[in-house]
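Please go over the structures that come below.
Both complexes shown next keep subunit A, but they swap its partner, so subunit B is in the first and subunit C is in the second.
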Partner chain A sequence: MLKSVAKKAKWARARRQLTAYTFIMPNLAGVLLFTLIPVAFSLVISFSSWDYVTPISEIRFTGLANYAKMWGDQWFLASLRNNLLYAFTTVPAAMALALAFAYIVDRFCRGKPVIRLLLYSTNIVSSVVAAYAWQMMLSQKGLVHSMLRAAGVTGAPHFLGDTRWAIWALIALAVWSNLGYIFVLYMAGLQNVPADIYDACLVDGCNELARFFRVTVPMLAPTTFFIFITQVIFSFRVFTPVQLLTQGGPGTSTSMLAYYAYISAFRYYEMGYSAAITWVLFIVIFAFTLAQWKLQDRWALY
Partner chain B sequence: MRASDAALGGMGGGTVGGHARGRAAEIAFTALFAAIGAATVLPFFWMLSVSFKTPMEIMSAPEKLLPAGFYLGNFGTVLSPRYGFLRMYLNSAKITGINVAGSALTSMLAGYAFARLRFKGRDAIFLIYLATLMIPPQITMIPRYILFDRIGLIDTHLSLILTGMFSVIGVFMMRQYFMQLPGELGEAAAIDGAGMYRTFFQIYAPLAKPAIVTVIIINFTWQWNDYENPLIFLRRQSLFTIPLGLVAFVDANETHMELTAAAAVLGSFPMLALFVAAQKYFVNGLVAGAVKG
Partner chain C sequence: MKKTDIRKAARSRRAGLPAMALVLALALAMALPLAACSGTGAGTGAGAGTSAESGTSAAAGAETASADAAESSDGAAGETAAAQPESPAGAGGSGAGAESGQPEPFTMYWWGGVPFEMGPQQTIEAYREMNPHIEIEYVKLGWDDASNTKLDTALMSGAGIDVYMPTRGYLEKAEKGLAAELTTLLADAGIDLMQDIGPDMETYMYDGRYFNIPTSRSDVVFFINMDKLADAGLSMPAPDWTTDDLLATAKAMSDGEGAARTYGVFYTYNWGDMWAQPSNGFFPAYARFNADQTEILNDPRMLESASLFARMQDEDRSTPSYAECAAEKYDPAQMLLTGKSAMVYSGAYVLRDIKNREAYPHTFKTGFALPPLSAAYPGEEYHIASLEDPIMISPKTDHPGESWDFVQWFYRDGFAGFIEYGRIPSYVGYTADQVADILVSGYEDLLDIESFKATFSSTRPLNPSVQGVAASKANTVLNQQVELAMLGEQSLEEALANGIAEGNRALAGE
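Up next, the complex of A and B:
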């Protein structure tokens, strides 16, 4: 009798476990098939030389050859350099502006919803439309050139076609398109700063700058930490503006890792090499994220 | 509104003088940010303006900020059957619709399981989920291409649906939400004899509406605007989604700035309309999730 009760309980537990698995199964199956297994497979082919046309059974493993080859590949080195420059200029610039904007708007401005809507608008359109909008602004017949001419500047470069200017045009585009999103996050963060800290600051005779740097900035450190990490990760993955506006050029002056990986795979059919490049991209992102986690305590200190 | 306004009066020391300065600051900064806001949307405004210009205007006076009139010919050209723009709307709507609904459902179920159910390997699997958030999607680009090529799904919508239905970020967000709901609700239901699915669908799922809206909005934005996946998986123009179709259109009409502008305006319209209609949810959702799709 007792035995059968125990057995029943055990059976019920097993059934509950099984039912629980049915909850995660639809998602897990998809993630497994279309993310986890491809990730593993990508690592495997990154150690091979494969042109896609050869049957995969005849794939040739070359060990670390792809990873070794990169360091003598000027195109790859330029992509890595550009990517680092791009990520570590766009993110701090967009964040600093967004934080200053959020502080001022929150404290001094009327019509906050309208300002928020205008700043955030760049995030609603697709990156394709954003890229074309900039192309039209920056073209020789565009508004920027006509404004420069009106201001008396002659011989302005063709920004997207100039080796020195093109990457800065992409950086400016990124600052413009990410600023609104970061602004919205900082505006939300500001609502959580307790009023009595500001009051205490006031009692201590804080001026406006001290109020901002000694209260707001430290209080928003967790928000800043989160935004910094996610924005850097996203900046390293940049693809669409590069592909649409400059094709990595002129020369290799705006090539970046995701774009170079795409070109290697779908123009030159160097599948192994392309996979290896995406893994380097991952390693860069991972190393950066890890370093930030380690420094996390320092972020929160004030 | 809050403390900041209360503190505003005290700005700069003396209350009366400070108040006047606060007022001046308010006017000056509001004007400044009206200008910054206007500058932010200037590229879109320029695009809209160009889309209303006649080809003649583009030739003769390309730099004029405003069009001479509301010329609609460019929109007519873009919408003419030869470019199949309407088809692309339908393609985008179909893929986005299926993926948003599918990922909301699978994220909800999995997020709930990770938050509220006990099963072997739960924490280990969740850790793997978290780790995949750091993996750049480009890593899976080639293997997915090979996989879909093998099973004959290259150049089908199914390839985009299969990759878009399973959102890891969605699972993460749903889990966070379900974690903060009280567990007693489910226990009470269990005592009343409700099964796991009934407990979920009748008690927890309705409570998770805000999180579901967030997941839907993030996925909608991401799916509707996605360019990289269609670029890799689709070939036939009749299957193109809006972003990919827009690029193809621009490549074919490169010299016609006014047509590019009209196509871009038309392509952005559904997303803009949705945003204006549901702005509150967009902003709340982004802040709650703090994830960019």
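Up next, the complex of A and C:
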């Protein structure tokens, strides 16, 4: 009897699960078909020299050749270096600025919704429009040069055409466009810091700086952690501004992995090599995410 | 106890069945649009259906095979289509129609990068007058990587494409099996392209066989603002002018400072090889490869060309620097027609913008000159002109006969409509005078007809810029290195040594 009840319960559970799976099936099928299968396929072709035009039946496997050759490829190495520099300057800079803005706005400003809307608007603007606007601003007759001239600076560099400046122009663009999004997240985080902790801090004789560094920053650690991880991942995948503003140049000074992978596949028909590059990109992102995950135990308060 | 148990179970099962049915119906309803999306989204799913249909209705021998068979034997289907399309005079293709004497109407798909109203429209109208049963749908391609990929995908699927003019990678299409071979067709029709287009046609052959017919010829020449020339007290360059003359002319026509500076000469930045363009008259860029394009050779003229450019950029400041060009995204037509540069070295396509009074209102006359020679290399005289806008046939077309009919009419008579819009025909049947008359007519105040005729009918050996995939990548990495040198990151000698080494690695596929 007991056995049969258990069996029945099991059957009912299985049927419930089946119903649930049937409900999510259309989505699941989409994810499988358009995401997971292509991802697995890209791993397979990263071990081949496929050019995407020859029939897949004639695919020629080359083992680890694609993964081996990239470490002697100057273009790839430059892209990797640029990608690391880009991600690890863009993210901290945007986060620090956003946190400062959020704190000041939250503590001292009136009309928060309006400020929030204005700051967030940089994130709503299409990345293509933003890129072209920045190109105009940075051009010789643009805003930045005019301001520099007005301030008496002569011989300002051609920002997008200079090997030393071009990547910083892209970084500035990224900081500008991500600032609003991070700001909104920090604003939300600040609302969740309990007022009594601030009161306790005040009783203990905190000044403004201590209030910020001893209470606000630690209490925002979960928010910071979330923002850091998602922004690093996002920054590693940068493509649009590179394609629109510099095409990886001058030289290879602004080439990034996603851009080089795209060029390899669709200009030079090296689909296998391109897939290998994206897998290296994936491994890099994954490694950083994992490291951050491990580290969060040390500094998160929750 | 037992009875109620059974009833409960039955009830729950009964309740479960409609729920399950509902779920399935919902799932189906959600999956259907998803499936529809994937079909139209790729632009091939829906097309494949129509191609299979028209394939069977054409009833042309091999094409009666089931869609499945055609799908599974991609390569083989391509070869059959390439090897045995019907001869132009052949009766095939219009099966049922032939009996009633009325050819069966159908739509031919023509892909190309030329804007519709700048030639294709006129060509289609002219062709439809002769062949009213053929509807031609023109698919406009962009000139970027993404458009090329779109074209490749269409060619692979074979749907909705019959004839096409790729916007890049002309030989790659043959190399990758995406173009029907024309060698036998040409021979059967008694056409010799070496006669019709000229000996340069050889560079456009793949593996000694024909896969495309370039329809236009793009001469790369100097476009000269004749007002600025006169203001500087100079006259038009002699046909045998040298790089020393170029340096002096460019310097004399440069003026102003900072953002307001106007330059003597501008080389086409977006080709990626500004440093190599000053030597085009005596050492064409593509001569840097060995014969089978497997190696870049270190010719001293490469350093000479780069040094010439560096001098104009840094000392004379008679040409905008690499940094300025990259930051400002300068474009040849804009540089010439806004007066930012007195001379521009670029392709014949600038003619189209000179004639566009609305977009570029200007009053000066533009003269033309061939690239300068070098006193250090007497006897070396070249001219860069590439054959462009090649017309090709999809190996999977459902209308090989009609496509071939169209192609052989198009590169000769059918190209007339393109000339007015600044495209110079490759077919030798058009004389230089004829072309000049059509092109300059109505624009005598903007174009100098005398130097136009002299320059565009030059007898200097041409240097077509055809290259395979590997050579194209090799050029890019070489250009990257020289660009770094022009920006002061390394010396020109280092740049060339690094660039050649990197380029050769790319050529070797390393």
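The definition used in the following text is that the second predicted complex is superposed on the first by the 282 of 302 C-alpha atoms of A that agree within 3 Å, B and C clash if a C-alpha of one lies under 4 Å from a C-alpha of the other, contacts with A are read in each partner's own complex, and residues count from 1 in each chain.
Quick note on the criterion: contacts are C-beta pairs under 8 Å (C-beta built on N, C-alpha and C of every residue); 3 or more make two chains touch, one makes a residue touch a chain.
Predicted model, so just to flag it, every value in this text is computed and none were measured.
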Does the superposition put A:Gly30 against subunit B (first), subunit C (second), both, or neither?
both
Go through the superposed model and pick first if A:Tyr269 touches only subunit B, second if only subunit C, both, or neither. second
Is A:Ser139 touching anything from subunit B or subunit C once the two structures are fitted on A? First, second, both or neither. both
With both complexes overlaid on chain A, does A:Gly249 touch subunit B (first), subunit C (second), both or neither? second
Per residue count on subunit A, the busier partner among subunit B and subunit C is B
Report task. Considering only touches as defined above, state whether A:Lys69 meets subunit B (first), subunit C (second), both or neither. Result -> second
Q.
Let me test your reading of the model: by the given contact rule, A:Phe159 touches which partner, first (subunit B), second (subunit C), both or neither?
A. second
Touching partner for A:Leu84 - first (subunit B), second (subunit C), both, neither | neither
Q. What is the contact status of A:Asp51 with respect to subunit B (first) and subunit C (second): first, second, both, or neither?
A. second
Intersected contact list for subunit A, partners subunit B and subunit C 19, 23, 26-27, 30, 33-34, 52, 139, 141, 145, 262, 266
Residue set of subunit A touching subunit C in the complex reads 8, 15, 19, 22-23, 25-27, 29-30, 33-34, 51-55, 58, 69, 72-75, 135, 138-141, 145, 157-163, 166, 246, 249-253, 262-263, 266-269
Counting only contacts in the complex, subunit A reaches subunit B at residues 16-17, 19-21, 23-24, 26-28, 30-31, 33-39, 41-42, 45, 52, 56, 101, 104-111, 114-130, 132-134, 136-137, 139, 141-143, 145-146, 149, 176, 179-181, 184-185, 188, 191, 194-196, 198-199, 202, 207-208, 211, 226, 230, 233-234, 236-237, 239-240, 244, 258, 261-262, 265-266, 271, 274-275, 278-279, 281-282, 285-286, 289
In the complex, subunit C touches subunit A at residues 9, 16, 19-20, 23-24, 26-27, 30-31, 34, 38, 74-75, 145-146, 148-149, 152, 156, 172, 176-178, 258-259, 321-329, 469-470, 472-473, 477, 480-481, 483-484, 487, 489, 502, 505, 510
Contacts from subunit B onto subunit A in the complex sit at residues 2-4, 6-8, 10-12, 22, 25-26, 29-30, 32-34, 36-38, 40-44, 46-47, 50, 58, 62-63, 65, 105-107, 109-110, 112-114, 117-120, 125, 128-129, 132, 134-147, 162-163, 165-166, 168, 171, 195-197, 200, 221, 224-225, 227-228, 232, 242-243, 246-247, 250, 257, 260-261, 264, 267-268, 271-272, 275, 279, 283, 286-287, 290-292
